[in-house]
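There are two complexes below, and they share chain A, which is joined by chain B in the first and by chain C in the second.
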Partner chain A sequence: MTGMLAALGAMPHSATAQTVTLRPARPQRKVLLLGAGISSLMAAFELEQAGYVCEILEASHRAGGRCMTLRSGDIVDEIGNRQVCRFDDDPTLYFNAGPSRIPHEHATVLGYCQRLGVPLETSVNLNPAAWLQFDAFNGGQRMRQKQYIADARGFMAELTQKGLDDAWLDAELGESDRDLLRQFLRSYGDLGAGDRYRGSTRSGYSSGGLVAPGVLRDTTALKDLLKADFWRMGMHFAESSLQSAVLQPVGGMDRIVSAVTARLRSKPRLHSVVVGIDVQPDGVEVQYRERGELRRTRADYCLSAIPAQLLLGVDNNFSADYRRLLAGRPRGKLSRLGLQMRERFWEAEGIYGGISWTGQDITQIMYPSGGFGGRKGVLVGAYILSGEINDRWVNLTSDERIERALQQGEKLHPGYRSYFESGVSVAWHRMNHMLGCTATGSDPGTAAALRAPFGRHYLIGDQVANYGGWLEASVLSALAALQDLDAKEVEAA
Partner chain B sequence: MKPVFFAVLVGVLLGRSAQAADDAAMLEDLVYCLVCHGYEAQGNPSVGGPSLIGIEDWYLNAALAAYRSGSRGGYAAAMDMQAAARQLPESEMPRVRTLLSLLSGSVDQGAAVADAATLQRGKLAWAQHCASCHGADGEGNEAMAAPALRRLNDWYLQAAWQAYVDGGRGANGGPAAAQMAQLARSLPASVDIAAVVAFLKQAR
Partner chain C sequence: MTGMLAALGAMPHSATAQTVTLRPARPQRKVLLLGAGISSLMAAFELEQAGYVCEILEASHRAGGRCMTLRSGDIVDEIGNRQVCRFDDDPTLYFNAGPSRIPHEHATVLGYCQRLGVPLETSVNLNPAAWLQFDAFNGGQRMRQKQYIADARGFMAELTQKGLDDAWLDAELGESDRDLLRQFLRSYGDLGAGDRYRGSTRSGYSSGGLVAPGVLRDTTALKDLLKADFWRMGMHFAESSLQSAVLQPVGGMDRIVSAVTARLRSKPRLHSVVVGIDVQPDGVEVQYRERGELRRTRADYCLSAIPAQLLLGVDNNFSADYRRLLAGRPRGKLSRLGLQMRERFWEAEGIYGGISWTGQDITQIMYPSGGFGGRKGVLVGAYILSGEINDRWVNLTSDERIERALQQGEKLHPGYRSYFESGVSVAWHRMNHMLGCTATGSDPGTAAALRAPFGRHYLIGDQVANYGGWLEASVLSALAALQDLDAKEVEAA
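Moving on to the complex of A and B:
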């Protein structure tokens, strides 16, 4: 228990796979799982292995929750923006509307992929050949990230070299290390004669290079580099858990959902909206409406992945304190948009996977990390992280969002619109049965208090983790609940 | 768990008459209203959807029309509701009313109770500034286009009041909304709205 909870607290830097070993269940012990998110599904998988009877209730038309991959014919149940995905009927043309990346440190999820036989491939997360584009920088023109990064590092190294103070160096480093530091800076910034930065092959040549002699690109002045907000986010985003390489299931993130569901004896009951939770001394009783009809069920324990913001609308007998904690969870906002393009034109620009960053509302364009050299492809045409932009974006119709994405994409890829075939958009803060998503990072005290079981009811999902917004956090929360449940069972036996 | 709620729905829906099947199908379609307003329409403070229990037909129509046209205003909560209203064809209104009549939860008010002095202050302020339009006990008055307020959640009353004061609500609305906004913005700061809300809570 301690190990697991510690891992939850320490997200995202837990690198060892957590497992849970449940003792064999007594006959007919039953667990209810509310909401078929990844946390519930993995919990059900473990519980069934140990002999528990499980029942999974899911409000929407599909299992998986935020772990959603859209393909031809799929429905997007966003309130006020219901859509059907009109991509070609081709399994390689998919769009991960929710999670798309599994960091190398998320060993528990990676472990489940292995156990469930979900094939993984690398996802090119960081691609210095991709573009950056900010209106206040470079006349609004796009620039390759590697060119920006080489110049930024070059000038920083030159500045540092100039500013090194001999007295400080002697005190801190001594003579031999002092020389090492100067060499480090030369290498770090690719400094030339006189420790000046005058451009670098790291930027890529403006012409020639392999056969004909290469011509270095002009440098961009440091004061201009500062004008691109690229350094605030895009330049460094891949230096924590999201480093390259990250992993992805071949064919879409929801392959994890289908693999675990296939192994379950009791499949999630869809269209079953939980409307009441009554926590009793020896079990939990739940009311739900399945296609409108009111039903009632009961189990020895209940694990709930229902988002906190919606759980408050479920009739319940939680304590006032517990309800206050639930009410304090913010409704996180995230939007993504998928575009089917008739040609993989970005590959002709030398971009194979990775992300371009822009100061426009779309924020990012993400390129597919599979199917290289094929004909068509699906881009993530917007992945909006800012709450302020998301507030505006959510109030556009999906057609308006697609129109803006095409307009803004034009600044990164001239002719962008001419490749467009079909698009689909998801604003998680307006999705039916979600109305928000867990934001990364939350108040540790609240998270810990929500993690503590309320009698035989456990709240699970990344919403109870210190570091939400990750599949790993969702799954670890479920395993922590199982460990506690197991201990309760031993006590009772 | 509310036994009344059970009896009504189990009786209506598990009877398996043709009518019951229709009702179930309707609840399935319209259940998205309850995602934001609480699954028994008791209100959901996290999403901001108020209780719809006991809402007057005329006000339900007026409110939905205002969201549909955009005249309710562009503040965040209104935009969530606008998306829902625009998804709902006007022809579905009778079904919405049936849906609401099938539910019999009670408004979710939270536990806090005000002291006697606060209640007295609220009562006086209510009589002086609000009762003329909203009725002596907050029961509403259709002739004044003023809805009942005592059936609403305390947190929603506060938020709705604030939306008028901030100008998000009422600015582009019809004469009724404009009148209420005018009142909210001209009310002396000494009037304690929290006390008025406390009074409404126990006027139910």
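Moving on to the complex of A and C:
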């Protein structure tokens, strides 16, 4: 096992697609997969290719787990807050309630998309033309992000120039490089004469710019820029794992779920809630209730994507150590809300995809990255990452959430409410059979230890990854389990 | 005229689409349009809607002007360097030899796309996952742009922190804002303990990052970063007019040309070279050669998109002043080259659209923003803006240009040549009936003065704009001429 974990650790972030090559299965070798999220589905796909018999048990009414796209008629099974999505029956009107983006570095998922024939398009993640709005900044008025960013860079470069000590620079860089550095800063901040920042075309013009000469926008002082919490997150978030290019399946993230499910011989068994797991020397026996009826099944191996904290509530014969590890992976909180709008009014504001950021509870408004120039569109009207806000948000009914989203959205888009047609919301920490989003936790050691199987029971999903919340992590976890399973089969043969 | 020019001057850069509302034409009022570029075509579209009779003369074998997309079988009419595009006969394999991007601010062109039913998609313009390569930097080895950018920001923020004088800051900002500024710089540069930059996840990891903890990449010292001329252009170019979101017509920029031409009653008359323009008090008479045969036509007005420097070579009765103005708008130089590759090998490197930058003559490699996961693809293998390089490049045959592009591309993509199937190149300053790209020039006064008509002869196209090279400028120039023409018609009635 150590070798495989080491290999995983050395896996480059920006890699070619990882694959697993399983030896052909011996006759009638069977694998049980608990939970039909993306990790189980991809594992079943690989196992079936190698000749294994698979059985997939899923507690809810649908496959895909958090890889969930809502369209007309879809059910949101939030506990005590069940909703039906009332969007128009139109394939372009969809809402990714879970993941919506595939970073270019996630080569394994991208590889599966190619292999399964899932068409991809660009997801506009960074859009400096979108708005920022923070009550303590600019009198609470919205501002284009590009304007904020250009001013922040400009004043920062000016400040750097001012603080540069030629004697120090000469010692560090030498005279010619000192001049280069000064030029670099001018270019970086778009500084004018005397190395002062007086505005930049990077902000966009207040008038003209093409036919007639452009007039620069007024600048905002650094002192004031600091008042917008935009710099704490929105300004830089698209420079980490969500840097361009970011991709998305055309028509919704669950196109991956349908594409892989269509290739499976064993379709996920829905409404099947696992109640007991008995890990035996040569296999795993599982008890489950399928629409209330108690059933029993058995396989040579079991891969479980059940959230660790729910797995603990299942009758089991895990060791105390394993149970302690499972208890060390609680789930985080996350909410999203989708709004069908009768007009794509944001495109008239020059916004084609991307994200507006606000200090209000909704945190973000995300705009569709496709279907430009069409009539209606679905916005992500709230995307809440803060635990504190999520604690408030989760107790609201869906109607109350929609009401708040409309009210808060008004500060970013005057007339927002007048475009509203229909909304749907998901608080993952209140979702049935889930009760949480990405696994959080203390030390990377716990996730690493959970990647080691308990006998023939493997925990899979992004919960065993160091950095969860990504399809790529889920799929890699499944491939790692399969590689170990394959090795065990050689020993057993 | 002054009022209209002032109105144009006040036109905001990021505006809602500009439109023109022409009064219904009197019977048999006719307008001649010289050159079938985008400005003439859009003008004819509006004129015909209002009931004018239009006649469009085009010297070359095709409509569209620099709005040219090359596909299988298309001819490049470069003087002494005629080429036929030998790409596969496949609509996804195309090369935009002229403009390829529509910034989100170009609301008028985007409005026409919507009105004419031209589907749009995102053009990935900024892609930090793409490469930079400069011989004097990093031993000539390529580096991901995100790595360079993260290090540049990090070391710059560190330098700024170092240079900050608390006494000065307290005076300027006060104590609490001073702390905010220090936090801002930490966030901006992703600084670590002691406000030192030691690398950032923004560079991507050298290993791990998802399942296993990520290992940061080594940093490059600021002194070394300065050696790559990347900071002079590539690093910042996507923050000016080419900021996200940038759009493109699905299938090629000339989809706009075909969409508008399909709506015209009067199709452009090809192979018709204007040889004489006689501006009369109540109209304009034009002589032209259609495949060698001398013809004459007359209209109430003439809108001319013929490049100013070529217009001077046509027999005319312009005033000396007007001729002097025309002479003040020489054309710039610009080259592009398209390469059909048998595999989209760059996607295996994690590059989905965007641009790699190099200090070699090819300057840029641009990757397709669509068709991800497909088999073949067309790269822009050279996009040369420098006058000096263009002076060398223009004298090369197409084969020589392809050879250089393959040789230079090898430094960005090892094995580049092995993917090559077919190439085609355009040096706009050698193109027949064109002999130049975007109008350049001295003072904005010349462009402004050229927006005023000479009697009933209007110069149109991006050559009368302050900032040329954009479809938006061309179309706005046409709308301005139409508005003036409409006013003249009221006076005349």
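Assume the second predicted complex is superposed on the first by the 476 of 493 C-alpha atoms of A that agree within 3 Å, B and C clash if a C-alpha of one lies under 4 Å from a C-alpha of the other, contacts with A are read in each partner's own complex, and residues count from 1 in each chain.
We take it that a contact is a pair of C-beta atoms (placed from the backbone, for glycine too) under 8 Å apart; a residue touches a chain by one contact, two chains touch by 3 or more.
This is a predicted model, so every value here is computed, not measured.
When the two complexes are overlaid on their common chain A, residue A:Glu172 makes contact with chain C while staying clear of chain B. Residue contacts after overlaying the shared chain place A:Gly276 against chain B, while chain C stays out of touching range. Of the two partner chains placed around the shared chain by superposition, neither chain B nor chain C is touched by A:Leu191.
When the two complexes are overlaid on their common chain A, residue A:Cys85 makes contact with neither chain B nor chain C.
After overlaying the two complexes on the shared chain, residue contacts for A:Ala129 are found with chain C alone; chain B is out of touch. In the superposed model, A:Lys223 lies in contact with chain C only, and not with chain B.
When chain B and chain C are set side by side, the one touching more residues of chain A is C. Of the two partner chains, chain B is the only one touched by A:Ala308; chain C is not. Residues 5, 8-14, 16, 104-105, 107, 110, 113-114, 119-122, 124, 126-129, 144, 146, 149-150, 152, 156-157, 159-160, 162-165, 172-173, 177, 180-181, 184-185, 187-188, 190, 201-202, 204-214, 222-223, 226, 231-232, 235-236, 239-241, 243-245, 247, 347-348, 350-354, 369-370, 372-373, 444, 448, 451, 464-467, 470, 472-473, 476-477, 480 of chain C are the ones that touch chain A when the two sit in their complex. Residues of chain A touching chain B in their complex: 59, 79-82, 271, 273-276, 278, 285, 287, 289, 291-294, 296, 308-310, 312-315, 317, 320, 326-327, 329, 331, 391, 394-395, 430, 432-433, 435. Those residues of chain B lying in contact with chain A across their complex are 1-2, 5-6, 9-10, 13-14, 23-28, 31-32, 34-40, 42-47, 49, 76, 79-80, 82-84, 86-87, 105, 110-111.
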